[in-house]
Every structure is written in C-alpha cells, then in structure tokens.
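Labels run A, B, C, D, E and F following the written order; every chain starts at residue 1.
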Amino acid sequence: MKKIEAIIRPERLDQVKEELERAAFKSMTITEVKGRGEQKGITLQFRGQRMTVDLLPKIKVEIVVEDERVDTVVKTIMKAARTGRIGDGKIFIIPVEHAIRIRTGESGNHAI
Amino acid sequence: MKKIEAIIRPERLDQVKEELERAAFKSMTITEVKGRGEQKGITLQFRGQRMTVDLLPKIKVEIVVEDERVDTVVKTIMKAARTGRIGDGKIFIIPVEHAIRIRTGESGNHAI
Amino acid sequence: MKKIEAIIRPERLDQVKEELERAAFKSMTITEVKGRGEQKGITLQFRGQRMTVDLLPKIKVEIVVEDERVDTVVKTIMKAARTGRIGDGKIFIIPVEHAIRIRTGESGNHAI
Amino acid sequence: MNLNSGDTAWMLSATALVMLMTPGVGLFYGGLVRKKNVISIISLSFIAYALVSVQWVLLGYSLSFGPDIMGFIGNLNYLGLREVGLENSDLTMPELAFVMFQLTFAAITLAILTSGVAERGRLSSFIIFGVLWTTFIYDPLAHWVWGGGWSARLGALDFAGGTVVHISSGFSALALSIVIGRRSGFGEYDMEPHNIPMTLAGLALLWFGWFGFNAGSALAANSLASNALLVTNTAAASGALGWLFASWLRAKPSSTGMASGAVAGLVAITPAAGYVDPIASIIIGVVAGLLCYRAMLFRLQRGLDESLDAWAIHGIGGLWGSIATGIFANSSVNGYSGLLYGNLEQFSVQVIAAGAAMIYAFTATLVLAKIIDVIVKLRVREEEEYVGLDISQHGEEAYA
Amino acid sequence: MNLNSGDTAWMLSATALVMLMTPGVGLFYGGLVRKKNVISIISLSFIAYALVSVQWVLLGYSLSFGPDIMGFIGNLNYLGLREVGLENSDLTMPELAFVMFQLTFAAITLAILTSGVAERGRLSSFIIFGVLWTTFIYDPLAHWVWGGGWSARLGALDFAGGTVVHISSGFSALALSIVIGRRSGFGEYDMEPHNIPMTLAGLALLWFGWFGFNAGSALAANSLASNALLVTNTAAASGALGWLFASWLRAKPSSTGMASGAVAGLVAITPAAGYVDPIASIIIGVVAGLLCYRAMLFRLQRGLDESLDAWAIHGIGGLWGSIATGIFANSSVNGYSGLLYGNLEQFSVQVIAAGAAMIYAFTATLVLAKIIDVIVKLRVREEEEYVGLDISQHGEEAYA
Amino acid sequence: MNLNSGDTAWMLSATALVMLMTPGVGLFYGGLVRKKNVISIISLSFIAYALVSVQWVLLGYSLSFGPDIMGFIGNLNYLGLREVGLENSDLTMPELAFVMFQLTFAAITLAILTSGVAERGRLSSFIIFGVLWTTFIYDPLAHWVWGGGWSARLGALDFAGGTVVHISSGFSALALSIVIGRRSGFGEYDMEPHNIPMTLAGLALLWFGWFGFNAGSALAANSLASNALLVTNTAAASGALGWLFASWLRAKPSSTGMASGAVAGLVAITPAAGYVDPIASIIIGVVAGLLCYRAMLFRLQRGLDESLDAWAIHGIGGLWGSIATGIFANSSVNGYSGLLYGNLEQFSVQVIAAGAAMIYAFTATLVLAKIIDVIVKLRVREEEEYVGLDISQHGEEAYA
C-alpha cells in the first residue's frame, strides 16, 4: 500500500475529485495547507521593489491505495491538477505498512 | 518507529484522547481534515433526488510510537473511535525512520 | 528521498523559514495542527487545582529532500526552532519513494 | 392627543433599535452552535422576522390590538391595517409608528424561541410553525397585556414585554425542545460554541437594541423613557456581573456566562423598566444573573436540550422580572407601587399574570408543536442533522 | 420654516443609521468574496465613504443642491459649504443636518458599485475613479431628482433614491464590470462565499440603516416617516420571502438568496416608501425578490461577472421600484397616485426618469471607466489577483 | 428650562449610539490581538462597561457632577442618584437621560485603556483596577471639565471629551503598559492581527456611535448638534485618508492603518466638534491621521508595548484635538474663537487643560497600577500568557 500525497492548487480540487471519481477512486482525505516550491511563491512589484508572497494556500490530497493502483491515481491527479504554470504542485509517494478500517476492524487492502 | 495516522470522527476525539491517555500514550498531533471513504459521504434526499455530501469533517490523529507499541495504540483508538456506522474512519501505519526532539536533540525511541 | 516532518512552535515559523532559506531550502508545506507531547501541554493553577491545557497550537512543516540533505535540514530546523523549553517540538523522518512535479511531470530528485 | 414630533422621532429610532435585536439574537445564537449549523440558526432569526413582518400587517396587529373579544383576543377590524389611520387619538405619534414598533416585538419573540429547535429543526416545518405560533400564541398574549385584554384589566404591569415576549418565548422554547427531542449526541460529547466573538457581537446588538425596546415602551421621549433607559442599562450590567461572579465560584468565569447574565438582566428589567428606580434595577439584575445561571445548571442536570437557553434566560428571567415588578415598583417613578411599598395586591396580580402567560405559552406550544410534528415532522432526518443544517437545509457552507 | 427639535432629532438619528449602511455593504460584500479579498472589499466601502465625505463638503453638495444650471447640475455657490447657513428656510432642521444626511447617500452609492470591481480592482485606480464618478455621475443625478433638476420638474417621484442611488450604482457597476473584465477563473471553478455569517451581519446593518434611509427621507418625524418605516420593513420581509421561495423551487433555499431578496425588497421600496401603502409594499417586495432573482440567473447565464450582483439587485430592483412607484402610488399616503388609481401620466414620468438615470449612469460610467483604465489601469496584475487583493493592495492577511 | 421632547429624543438615541461604541472598541481591539486572546479583550470591554455602569449610578455621577469641592471633584450628594430628580433646571431633557448619557462616556474610557494590558492582563486584577481607576482618575477629570471644576472655570473647551476621555485613556494606557511590561515575545516575533474584518466591523460601530458621542454632546437636537455631526464625519474621513496616504509612502496602505486614521480623526475632532467649521475639521482630521501615524511609529521604535495603540491614537489624537480646538475655534459656530482668529488666550488655556489632564492621567495611573501590581499582580503568569488569556482567564476557546 502507498499513500499518495498530492499538494495541489485549491481551485483545482473539484476537478481532481471528479476525475478521481471517474477513475473509481472515491476515498481521500484533504487538508488545507500552505506551501512554497522552488520559485518561492509569487513575486509582486511595488514601487520598483520586489516583494514575494510565499506560502500560498494549497490543498493536500491524501489517498491510500494498493501498490498497483498508484500509477493510475498519479496520472489522474496530474491530468486534473495541471495548469502548466508554476505552483501546480507536487505528488509524493509514501509507503504505508498497514491500514485498518475502524468500523469493521478489516485490515490490509480490504481496508482502503 | 511507526507513525499511526488515524482519521476519526471529530465527535470522538475527546474519547480517543482519554483512552490513549489511560493507555499511557500522551503525545499526539491532530489536524482538522475533510474526507470521504468508499461510501462517498452521506446521501441526502431532496425532492426525490439524491444529493451527496462528500468531504465530511474529520480529525487526523498522528502518533509516533516504537514498533512494539503500535498494536496497543491501534486497538485503543479502534475502541474509542468506533460507533459502528459508516464514517468511523481508518488507521494507517507509516514507517518512521528517525525522530528527534528539538529541545534536547535526543533522537530515536527516546525522542518520541 | 525523505520527508522531514517538523512540529514546531508557531512563533518560530518565521525564523525556521528564514534559516532554511539561507541554507537554500525553499520548498516546504506547512499545516496548522495542534499537539501535545509527553508533558501533556501546559499546566495552569486555578484555586489550588491543576488544570492542563493540552493540544496547543503547533505548526507542522513538511519538507521533502534527497537523502543526503536530510541532516542539514534537521540541523537547520533545530537551530531555528529551539527555545530550550518544553513544547519546542519534534522532527520525524519518513521515507518517500517517489516525487513528481505536477507541472512538468518530472520525477525523482528533480521533482523536489 | 396631538402628534408630538419629539415623541415620534424617538419612536422611529426606538423601532430601528428593536429591529436590530432580531439579527442580534441570530448572532448571539449563531456563535453558540456548531459551525455546521450557523447559517441555519441565523437564518431562522431573519426568517422569523420576515414572516412576522408580513403576518403582523395582514393579521397580527388586528388580533393583538383590535377591539377586544372577551378579554382574550382582538377582532379582525384592522385586517391588513384597514382602518388604521395614520394618526390615533391615544398616541402622540402616528399609529403606523406604533404598529411598526409593536411588529418588532412580535418578530423577536419568534426569533428567541428558535433556541428550542437549534441544530435540528426542519426549515419548512419551522416556517409553518412560526406563522401559527405568532398567530395563536403571541397575538393573544400581546392582547391580554397591551391590547386591553383580561390581564391589563386586572391591573398587571408589563412595561415592555416580560410576559408577552420573554416568558412566552422562553417557555415555548422549552415545550418545543421537548417535542422535537434532544440533538443527537447531546450528553455524549461536547458541543462547544463555534465562534464566541460572534455571540459577543450579538450581545452588543441586543444590549443596544434593548434601549429601544424598554425606553421605547414609554411611547414618548420623556422622563419615563429616561428612567427606563437607565435602569435597563444598570440591570444588564448587574446581570452580567452577577453571572460572572457566581460562575467564578465554580470555575473560570466564561464570557458566554457574562453575556448570558447581561441578557438575563435585560430580560428581567423588561417588565419593570417603567416602574422601578435605579437601585432596584441593580438588585433585579444581580438576582436575574444568579437565578438564570442556576436555571441553566438545572436544565443541564435534567438533561434537557433546550439548546441555547431561551428557557433559562428568557423564561426564568421573564418570570423573575414580572414578579420583581410587583415587588420593587416605586410610585415615585410611575405611580405604581409593589410589595416593598406594602402593595400586596400588585404582587399577586403579577404572579397571576406571569403564571397565566407561562402556562398558556407552554401548553399551547406543546400542542401546536406536537400537531405540526405529526403532520410534517419538526425535525430533520438523522443524516441531515449529522452533516449539519447549513448544508441540508440551505445547501450552503458558512465558511470557505 | 422654524426649526423643529423633533424633526432634527430624527434626522440626526437617521443620518447615523444611513452612515452604518456603508460598512453594512462592506460586510455584506465581504462575506461573499474569497478569503483573500475580504479586506480589500470592506476597505473599498470605507474608502468610498471617506472620499465622498470630503468631496461632498468641498464640492458635491454644491453640484447636487446648488442653484440649478439648465436642469442638469447645481452651480458652485456652495463650494466648501460656503453660504450654507446653519438654518435653511425650506427645512425644519438645520441645513447642515440636511447636508450630512445627503452625504451618507452619496457615499453609499459609491460603495455599492464596488461590486463591479470586486476581487480585481486596483486600489489606487478606484480612488481616482471614485472621486470622478461621484462628481460627474452621482452629483448630477442627485441634482436631477432632488436638487431641482429636470427630473424633479417633470414630476418624477423618487422618495429616497431609487434612481439616484440604486439604478445609478447598479448600472454603473455593470458598466464597470464590463470594462474591467471577468475575474480570472470565473466560470471555470467555483468561487464560494468565504463567510456567510458576515454577509448576514451586513444584511442586519443594511436593514437597520435603511429605516434611516427611507423614513429619514421624509425629512421630518411625522406620519409620512412612519409610513415609510413600515412599508420599508414589509417590502424587505416580502423580498426575502419571495426570493427564498422562488429559489426553493429549483434547489435548497440559500441564506444568501434570502439576504439578497431582502435587499431587493429594500431597494424596490426606496423610491416608493413615501407614496405607497402597506399592502402595496408587500407586492412590491415580493416582485422585487422574484425579479432580482431572475436577473441574477440571467447575469450568470450571460457569463457576466458583475460579481456581487449590484446590477441584479440594486439596478433591477431600483428600476422596478421606480416604476412600481408609478403604479402603486396612493394619494391617501402622500397626495400622489399611480397607474393603479388611473394616473397614467405619473407612470410614464417614472419610466422616463428611471430610463434616463439608467442610460446616463451606464453610459457615463462606461466612458469614465474606459478612460481611467487606459490611463492608469483599473485592474491589478494577474499575479496580484492570484495572491489576492488583501496582500497585493494592502499588504495584509484577513485572518491569522 | 422646560423639557423638550425633541432634545430628549435625540439624547436617548445618542446615548444608545455611545453605548454601542464600547463593544465597538472590543471588536476593534479583538481583531488586532492573537486568536488566543480575543475573548479576553472583548470581554474586558464589556466588563469595563458593566463595572462603570454600576459604579456611576452608585458613586461616579456624584463625584463627577455633584456640587464642587475645591474645583477638583464633586461631593457625595448624588450618591446612588439620590436627589437626582427626573428633571433638572439646566437641561431640556430629564436629568436621568443626562446621567445615562454621561455613563456611557465613563464606560468607554475604561474600555479604551484595556489596550495597555492586552494579551497579558489578569482579569481579576483588572476588575479591581478598573473600579479604582474610574473613581480616582476618570471622575475627577470629568468634574474638572464638565462638572464645574477648575478647568471649566478657566475657560477650557472640551466639547465631547478630548481630555476627559481620550487624553485620559490614552496616557493611562501608556502608564499601564509600562507597569505591566511587554508581552512575552514582543519584538521577537510578529504578532499579527488575527481577524482584520472584526477590526473593521469595530470601526463601523465606533464611527456610527461617535455621532452620538459628539453630536449628543450638544445636549440638544439643534444647529450645534448638526455642526458636530458633520465635522465629526469629515474629520474621521480625513483622518482615514491622511493615515492611508501617509503610510502609502512607506509601504502598501493597510486597512488597519486606514481604520486607525479614522479613529484618530474622530478622537481629534471630539473636543472641537462644537466649535469648528467643516473646513477646519478636514485639516484637524488629516493632521490627526499623520500625527498619530508618526506616534505609532515612534512607539514601535521605542519598543513600547502599548499594544493596541490607545496612546498613539487616543492620547496623541486627544492632545492634538484639544490644542486644535484652541487654534480653529470659529466664533460663527458657537461663539468661541481660537488662535487662528487671534485669540491666543483660548489657545493657552487649551494647552494648560490638556497638559494637566495628560499629566494627571499618566501619573495617577502609574501610581495606581503599581500599587495594584504589588498587591495582586496585574499580569498573568508566563504559562497563562503562553496558552492565551481566553483559556487561562475564561476557560474558553474563541473558535471551534
């Protein structure tokens, strides 16, 4: 199992949700975060001076899936979240050793 | 070391905290998240039509513990967070390679 | 690749950001969380009775870096976040198997 | 009497002040509910206001202030404000100003009792309930006391609505909460207020508007209004301090307690504002703070989910205020005296009038609520309650 | 005439009430925008108020109420309030009270049209635009109707500003939104209101303040003011219920819809408040709710990003209200009668006056906005819009 | 004099307006503090209001307005409002209305100086401090200026409380902040305002209420009140624009700066409102905006943690306003003239009166605060400050 952690633009969340649903991935957890990447956010001009707004609002989408479905999820997210401009975000893949469904106690792939 | 990531109902947080404390687990980090599982949230009726409320508020509880204590924590959380109805949440176990206490610089099991 | 997850005092965020920047780490994701450690938060006196405020506001800083840079990041954070008093926080190192930049599709170390 | 522009000016302002109390109730309540129900509870206040605004013009004013039928209710002479001249011989202001002033009282009363359905009431059912409640419960009560009904004839004093507004809404909220049942999860886990500054902002509007409520009830810009203004303020302050210090004996003194105490003081001084002096108002306020605080604890002990304490604060506060009027009325203020000055009769009349209002409001609401519940269900479905009324009733989320 | 202290008292209070409407607009709008632009939109209301406050004293009052030039504008006799005595023979209050009352109208009008630049307007450009707009568009319009201009002479009725305030701001906002263009992302993804309780708090202040707006426009504490007060309230309530129920047919009834309907009702009754009776006000309000709701749907269909619906609510509501005045005016209220009572002429005059205001406001704003856009750019840069105006224009974040 | 219903009507309304300013201060401050202290700071305003409400009736009115003792303080004749008739020969309104109007001034003054203990003051100690401060510092100051004390006899002009309310609260806040010490972390890390829209909502209430404050101080609904209303508004607007543009020269123009400027303008016009003309009010407002902005920068440079700038805005703004009254007083407004019209004496008197108020307030507060600090500690413990006063003083969290 892997956890796919995608940091995306907030305005793309609806699209990401939709596309994932179409690809039969329904489960997810989302968190409001702030972030910056290499470009250090967005640079504004103010009287000839530059001023950088780092830490822009982002959405973190977390999805735990079986190993073999990781690729599909990643591709789906990439398609839905991409605008082609700086700030589109990143996807990280993190190992998950175990998953348990609280309601039933089921564990492993059955639980995700 | 493992990180136990439990997504639970907000209204169960107090109970989870209490039970964990009773089992001698005091440390934790919690985050307000939103999520949906397989059932895609809750379905309402509106004039014969269905309308789904996905992305319900949840609480993510993160606890880093030594490997041998994972089971206790998981069981404790399950006991405290379970209502038996859809939406009770999930627990994910994620490997942690290292932990450091910022104040002292201690690391490893001493740090958690 | 590793994900460095540091739980720090909110009032130290600016310093941590600055120091990381000086050390050439610009990318990061931050989340507002609440947490408690071994000391179970802060204890207040009220008419001779003790009352504990657990779950104090903290900031979670997440930074994904190449394995070899983990140490620098950890040191930098420790330096910037440390006040020497209880509540300074912890750093956890979590393995990351893969990273993808959504905009370009680059992956691996190039993506972080 | 002749129109007096000063009196009219004050009544126009006072009306505006009282109007603002209804959203004040909305914000006060809004801060106390959970985030998922804040739109619902604020909207209920506005909708209550809107419904009563129309009902009052069409029907309510006539039922309340129309020529008396058997001491119980007004007749239909003033339907749609027919025959309501722009001037009225009893008043020093245009009658339409009086109609409008009274409208704001009817409206806020319905808004207060939304406490009883908070976080679980169906919007559509509340609309039906609201229109019927104001017609069958508020309008008669207003008639009894201010429209020349039996209570007025008996000599009961209710300066600005202790019985009509507060006892009636408070005990009705209790009845309503019993019929609709507890919120799911009540008693099992904490339901913390989601935004206390919002509640405090609501308190600000309430306190402010209450000056219009009580001092406006003098129906003139005169000494009586000035006395009412001052004692209203002192009672509110004393209520706030009373609750604050009382709760401090048990735990840290919460701001919501202070706010509740202020409202308790305001409620209690309402029937009394035109009859008591400043020193009495301090006592009335402090006692209101203590009493309503106890009432709230009692309610919690009993596991009653009259969720936002309309009963403890408005019901019990109104009861206390009505009786206190019979105790502290000082003839130097307005010609009436109470028990303290040897007038047992006034005291008894107050008890009777307050008791009757309490019983009528509670019983009639119980019956009305039950009937509506059977026919259209007062309560949302379990899953609707779980996701919250904002989404399930309004399709909205409060905060993005 | 002699000074009347009652009339003066009411005008002082009414002025305060109207003043509060401008931050009311700010909060109403503030709740509807995204979190990153809330400071910007609320500040625009305050800045509009501040700019007009100074402009009005120096210049605007003279242009609006100074001795007439060709029916179009006032002359410069009252520059800097020179020669504006503390008393004026036409009024029963000090003239400075009238100046100040009118100031609040001019100010809110500019605040309303910030809807057209919401979430994308440059602060500095708006300041320039605002000063010119109030001078070249508001001041003449006020003169036409209230300052003895052509519209007044024609016999057009506009009790409290249906044309001057609402048609003018609504259609100007539309023009402005066309010149400045849509918000980036409009139509692509949802832009949900970030804080609906804030919008409802704004509604509370608007409704409250509107009592001063309309009942204050009687310029006296009399029967006319009382009638205005009552019909204002009824129209607001009916508008709220109208929009609520109309939207309920399509989807869950939103609180923002209810709020918009209330404002629509308030807007529509504005020109009519001194001429129509309570029953007419219910009809005017309900129709306003339905009509403005349709107007909003139409705007969305057309992909017009007049973002906070000043056009749909103030523009269309004002148009309807102005015409409705020509329909429902009832001579028993104030001596004027409308179409319903057989007076076709009044109706025609209303249509002409409303049409002229609409055309003038729309066209002149289009030209003014275009000129300013060419010279200093009305809109922020793309990346400034992306990070939000709070940071890019004010260097602040609303919530920490 | 005879009662005048118009004057009374205005005073009742004005009193309500001023009352609303105290929660306005609470919200203004509430938005500026950190999330963990918002309940505390808003509650302090309410508690200040409640304490003074009771103290004023029992004691304060007598000390301020009772028969003079040596020019310094009133005697105890009016204890508990004994012998305060419902009518008073000097006034055209009931004396109780005057008592209540003045009460709201005493209350807000204490609320303003909570700035000095923001985010670190112990609730219980503040309660003790507050009661003593209003008794020993506010009451004498009010007596000096309005109660027939030395300052009044000297001929000092203070229309609505530039010295009594603003200099006194501003300099007292400074003294208090020095005694209590800086917030832990001050100067080390940023303490950003947690909710700027709340501050702007507070500004709305302040601006609105200030109309009652200044125009109410005419104690009648007349020309003087109208002048006060207009100049109050213009000064506020000019102050907002002044600070906005001044800060724009250094950085992006913040909304909190605009808001502070508006308050600075309001403060500065307070003593002057009944003496100066509209053009002078623009100058007074702009200068207030610039001056208070500089004062704030100066305070920050000096590392003074008078946290919410009561000193910079109320203290310095009040000082400027008192002196400006001596400069701009125009005899055509109210019979008094200032330096600009050749009256050096008035100017000197203003300087003396303002200086005396400043020195008395600062010194006496320093002493009082020190004494209380020694006995019961003004400040919470370090860990209480760290978790925030909402939890540690009230056991509550603002937002869930």
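Following the convention adopted for this analysis, a residue touches a chain if its C-beta (ideal position, glycine included) is under 8 Å from a C-beta of that chain, and two chains touch if they have at least 3 such contacts.
What you see is a predicted model, and the numbers here were worked out from it, not measured in a lab.
Asks: If you walk touching chains, what's the least steps from chain A to chain D?
Replies: So the least number of steps between the two chains is 2.
Asks: Across the interfaces B-D and E-F, which one involves more C-beta pairs in contact?
Replies: Comparing B-D with E-F, the pair joined by more C-beta contacts is E-F.
Asks: Taking the mean of the C-alpha atoms as each chain's centre, how many Å separate chain D from chain F?
Replies: Going by mean C-alpha positions, chain D sits 33 Å from chain F.
Asks: If you average the CA atoms of chain A and of chain C, how many Å lie between those two points?
Replies: 19
Asks: Need the CA-centroid distance for the pair chain C / chain D, whole Å please.
Replies: Distance between chain centres, rounded to whole Å: 51 Å.
Asks: Where does chain E touch two or more other chains at once, residue-wise?
Replies: 4-7, 9-10, 13, 195, 201, 221, 252, 392
Asks: Show the residues in chain B shared as contacts by 2 or more other chains, in ascending order.
Replies: In chain B, 31, 94-95 touch at least two other chains.
Asks: Looking at the complex, which residues from chain B come into contact with chain A?
Replies: Going through chain B, the ones touching chain A are 2, 6-8, 31-38, 40, 54-55, 58, 60, 74, 77-78, 81-95.
Asks: Per the contact definition, I'd like the list of chain E residues that touch chain D in the complex.
Replies: 4-7, 9-10, 13-14, 17, 34-35, 192-197, 200-201, 203-204, 207-208, 211-212, 215, 220-223, 225-227, 229-230, 233-234, 236-238, 240-241, 244, 251-256, 258-259, 262, 277-279, 282
Asks: Please name which positions on chain A make contact with chain B in the complex.
Replies: Per the stated touch rule, the residues are 1, 3, 17, 21, 26-31, 64, 94-103, 105, 111-112.
Asks: With touch defined as at the start, can you tell me which chain D residues reach chain E in the complex?
Replies: For chain D paired with chain E, touching residues are 3-10, 12-13, 15-16, 19-20, 23-24, 26-27, 30, 38-39, 42-43, 46-47, 49-51, 53-54, 57, 80-81, 86-87, 93-97, 99-100, 103, 123, 195, 198, 201, 205, 221, 392-400.
Asks: Using the touch definition from the top, list the residues of chain C that touch chain F in their complex.
Replies: Residues in contact with chain F: 11-12, 14-15, 41-45, 53, 56-57.
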